[in-house]
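The chains carry the letters A, B, C and D, assigned in the order they are written, with residues numbered from 1 in each.
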Amino acid sequence: MSGRTDFGSRRRKVAVLGATGAVGQAFIRRLVSHPWFELTEVAASERSAGHRYRDVARWIGDDEMPSAVASMIVRPCDAERVHADIVFCALDASVAGETEVAFARAGKIVLSNAKNHRMEPDVPLIIAEVNSAHLGVLEAQRRQRGWRGAIVTNGNCATIVAAMALAPIHERFGISSVILTTMQAVSGAGYPGVPSLDILGNVVPYIADEEPKIESELQKFLGVVDGSAIRPADIRVSAHANRVAVEHGHTVCLSIGLASSGDAASVGRALSDWSGDASARQLPSSPERPLVVADGLDRPQPRRDVDTGGGMTVVVGRVRPDPVLDVKLVAMGHNIIRGAAGASVLNAELLVHCGILPDA
Amino acid sequence: MSGRTDFGSRRRKVAVLGATGAVGQAFIRRLVSHPWFELTEVAASERSAGHRYRDVARWIGDDEMPSAVASMIVRPCDAERVHADIVFCALDASVAGETEVAFARAGKIVLSNAKNHRMEPDVPLIIAEVNSAHLGVLEAQRRQRGWRGAIVTNGNCATIVAAMALAPIHERFGISSVILTTMQAVSGAGYPGVPSLDILGNVVPYIADEEPKIESELQKFLGVVDGSAIRPADIRVSAHANRVAVEHGHTVCLSIGLASSGDAASVGRALSDWSGDASARQLPSSPERPLVVADGLDRPQPRRDVDTGGGMTVVVGRVRPDPVLDVKLVAMGHNIIRGAAGASVLNAELLVHCGILPDA
Amino acid sequence: MSGRTDFGSRRRKVAVLGATGAVGQAFIRRLVSHPWFELTEVAASERSAGHRYRDVARWIGDDEMPSAVASMIVRPCDAERVHADIVFCALDASVAGETEVAFARAGKIVLSNAKNHRMEPDVPLIIAEVNSAHLGVLEAQRRQRGWRGAIVTNGNCATIVAAMALAPIHERFGISSVILTTMQAVSGAGYPGVPSLDILGNVVPYIADEEPKIESELQKFLGVVDGSAIRPADIRVSAHANRVAVEHGHTVCLSIGLASSGDAASVGRALSDWSGDASARQLPSSPERPLVVADGLDRPQPRRDVDTGGGMTVVVGRVRPDPVLDVKLVAMGHNIIRGAAGASVLNAELLVHCGILPDA
Amino acid sequence: MSGRTDFGSRRRKVAVLGATGAVGQAFIRRLVSHPWFELTEVAASERSAGHRYRDVARWIGDDEMPSAVASMIVRPCDAERVHADIVFCALDASVAGETEVAFARAGKIVLSNAKNHRMEPDVPLIIAEVNSAHLGVLEAQRRQRGWRGAIVTNGNCATIVAAMALAPIHERFGISSVILTTMQAVSGAGYPGVPSLDILGNVVPYIADEEPKIESELQKFLGVVDGSAIRPADIRVSAHANRVAVEHGHTVCLSIGLASSGDAASVGRALSDWSGDASARQLPSSPERPLVVADGLDRPQPRRDVDTGGGMTVVVGRVRPDPVLDVKLVAMGHNIIRGAAGASVLNAELLVHCGILPDA
């Protein structure tokens, strides 16, 4: 998170739902010293509610549990019992759907990391640098659903990496088709997640539900607002999803068919020139560059490049002609930061910047 | 290697060139108790020549150096100094090219594992079950080059895995285009090969020269004999090659465009029905089935499936529709056995079976 | 398992309790085609009972679920509902204690893999080659507890590897003290077991409850029968237990103080000469040699040596002087086979051989 | 490296010998923006000399080659051709011995990372926080050898981690004996170093020459100055050295015999209280604490704790009674930073602080 100063005088109170899990912890890490947001509440399942956070959460990772959070009493995921108006939802899909609706109905702005509402036409699926214009459907969302609050979602962690590599190309040339293969880190499956017996020295060529998510979310990310709905881009997408023995960082190999004339060199320039939507620049979580084209012939690599831009930058490389479609390349990004918690926090910052969140 | 009995009364003498390296050792493993071949000579670089094999070779792997070979005096890679008429060449590409020509000129049948001559139109690039008919150009090879011997090559280890998965589909439907992504084991780079600092917890999205080899060799494997040359198949191929932290077993994700109408179900049937060229069945190194379609939703996996058919079977799975081309699937095979030494030995058996090698 | 022929005319019926877990499956693998035993029943928790095995068990590993077992109806772990007189218990320690007692009381011979009863003085803790004489307390066990059946246990997987390396030394020289450090494979923790996020590229220097188990079980393995109880050997033992990113095979570094004069050379000879208790030779699960001294300076290694003797042989190496105690060495063995299921099956064979199990 | 300000007005010029290798690069990383030192020259083998650094060095790691160094012309390792008075030597042991002597004779202060001179009685083997008093032999070194310069060495990377954990215990209680087992990261072997085929999913229980180095260097680190020589501590040490599949961070399990009465609790306090020699505090490379006692039952772990104190802090844990000796514990430290380059740079800072290096 960059060190830009706050322009508001007070920080907005925020809560994390599903705060004890791996993604919840990633939210906490990014919110405990955020210049615009003040993490005042953590909520989790009934089993954890009522206890101190430090007594029910097994802190994962190499840092220490932030002391301010450690002593918080965990609340239930009940919209009446959470006071903050902005909630980051890290709940599992099995419960996220209804909980998020309840919070939105109760007037909360919900930044969701779950898949449940992502594909609904009036729910914006946002990467701040890619499609901030999709926030335009929020008004329709509230009107149609009679909500005082709103739901804004981020995408699947692998999709976000791919979408950021494709966005500059789609803007410049249009994309007609994409065939992509992912090699996804184990942290994408949460904790405890992937058993070591399944992945040590192995590749698992299947991740449940992942390929359809990647295929449909990519179309929505690159789509346009059409009245009260988002119309997916007319791009055919085929995904192969694999799990590999990597800690953090999803790598994606992409073959891309262009809608208009372009070659590897011009696509490479489109990628290096891109700096994303103007509204997403200079936000606290914005990296210096959302996309970087790696120099090395053998880059990007997850272990060496995953922390570029504090984990918020997607690194692409090996832009070259594709003998079947038009161009091919590799993209890699941090699945927990750019692909989940960091993306949601950046989306919340975008909402503030765009005036969708009321002044604190 | 299956236990089929020898039909000849005497075993043919064979030699291994480049016998001290990783692939050379794999040849030795498969030849020390071969029913048709008797390993009588090992050859290597000048530095090793004249010494006992056990004093110059660092035996890799979990078995013991075969005692019969341990005490052999290593010969130089000189066609005058090697007596066997059949030589398996595991030399590095930097020296294999000229050495193989010298041996062929001297009347030897060279089974090559190097890339040097693979793409020459009159040199058969053979997978025994896939394109044994390509041996038909050997006569032209000898005539054109004035050789008494011959060179027969096998392919790149990743290409062989892909080619075996594609062959039944090309036979039944014709293939117009293939986009494939490999996740290749470290043993494919030989020994010492990939430094552990480069690959532990990592993916390296580049293997030098690999992608062009895969793209052109695939076309040749699936091509046809046209007079004195092999004419590559008219298939557009795009490859993404990656190195992953797997010991043995290359995994390949393939998206396939068909030349005639076919769906995932019929492609799946073509794969399960396939048993390869009749001439390649019942050879000592032939697996019970060259291709197996895995049951599990998350298979094939290198660590779990790599030894299927003693490492000679390619396992495919996840045959499903492809939203951009026609079908997609995953294939996995043992890069050292099916992808290198086992393939060459099987090719030599095929030569015997086809009467190309004279009686012992 | 070696191919020795059965000397009985009929195979004894056996059951596996806890058949759906990782260790239960290892038992099934070793029992489905056993020459002396016929696996006729599988039992598991109430949740699985009443269902077909294939519908409730997620088969782990690279082989296929044996079809004979796949169609069995899982029984509850109730001594009245299991008919076989010999039961292999792979239940978790949380339920194994009471269940094993109930089965023993009901007349069953229980081969236990759980820790619950291991340290009771009248319960033999057996490695067939090391301390078969300890079976002598079984009569006292039955008498004192009023059981018609009996409980015989094997040890903790790391302890078994260490005990087999120490047994020949204790026999020849006596051991006064041992300091050992384990590097244990992830399969020792069962499935799902160790999360990949915890162990990829990492060492975890702690395994819950492991060190006290190793320290006390080692003393019991090397102890003697004293009337109706086993008296632990008077050896001071200190264990450091670590988890490492290895699939199968526990490696143990041992520093050993001798009770009588001996040096590295004579200890090395004691190890290579040792073939274990005579009663444990020639049993169906006995490896050709229970202990092998590796040649290589850098052996044993789990990935390269774990399958020695079909996983039933412990490999030792690097026997050398210890500047603090007397000698030091490395031992490695297969934690699932020699350290768990294979050890229990071998113990059952020993019971048959010793006439403790009635004729079938 | 902490941000403490320089007390000198000018930075001293320094050179790195063996600058192209893995350790040489680690030196460069720590010197390019050092407050007291200015890296003005890099030297390497004859093969590289005369070329630009960027053309002959393959930069390892996830950062970029510092541009100031990239354009430097590499010098030969010739004392007449290197102008800086302080040289950090990262040369391989095969050439370091003579080169370091030549530089010392020519008046240079040589901070050596090689094993060659470590065990000579008048060559200080220094960990700044542990035995800065050993610098007292430098005068004798110069006098006896007739050098204008001097050689100061750091230790083997595993030894340094162990020595820092033992130093506070030796200071408080005296240590009579130590049995230790290391689990060492692959980066300790340099680059390319350990082949991935040797270490993926494996443990290698042997590192050439490592155990004798650990045993003798530990005694010297904890020894005392006795006239013109360092007298090793009278501690019996036994080491078991293993390589594991970890990127950075050596883990060491230690069993310790005390010379005077002490228990785990008092040893734990000695460890937490320790802050090292006063002269080593507040140096630019000094971490806030040289030693930290980890809280978690399962810590330290290399992947989670290796960067503590910027890689300069050794983390210990699990201090508990040892049933054979007196206490046991685990220690872990960064082998490249605390165990090599960082240690040497800290030693150089100590020389400045102690006035051994003349004012700049």
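FYI, contacts are C-beta pairs under 8 Å (C-beta built on N, C-alpha and C of every residue); 3 or more make two chains touch, one makes a residue touch a chain.
Note that the structure is predicted; figures quoted are calculated from it, not measured.
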(request) Name the chain pair with more contacting C-beta pairs, choosing from B-C and B-D. (result) B-D
(request) Compare the contact pairs of A-C with each of A-B, B-D or C-D and report the one sharing over half of them by residue number. (result) B-D
(request) Calculate how many whole Å lie between the centre of chain C and the centre of chain D, each centre taken as the average of the chain's C-alpha atoms. (result) 43
(request) Could you please state the distance in Å, as a whole number, between where the Cα atoms of chain B are centred and where those of chain C are centred? (result) 42
(message) Centroid of chain B to centroid of chain D, CA atoms only: how many Å?
(response) 48
(request) Would you please write down the residue numbers of chain A that are in contact with two or more other chains? (result) 200-201, 245-247, 303-304
(request) Write out the stretch or stretches of chain C touching chain D in their complex. (result) 177-179, 181, 183, 200-206, 215, 236-238, 240, 242, 244-247, 251, 253, 255, 257, 297-304, 317-318, 322-325, 328, 330, 332
(request) Could you pull out which chain A residues touch chain D in their complex? (result) 61-62, 200-201, 247, 303-305, 307
(request) Going by the contact rule at the top, pick out the chain C residues touching chain A in the complex. (result) 60, 186-187, 191-201, 245-247
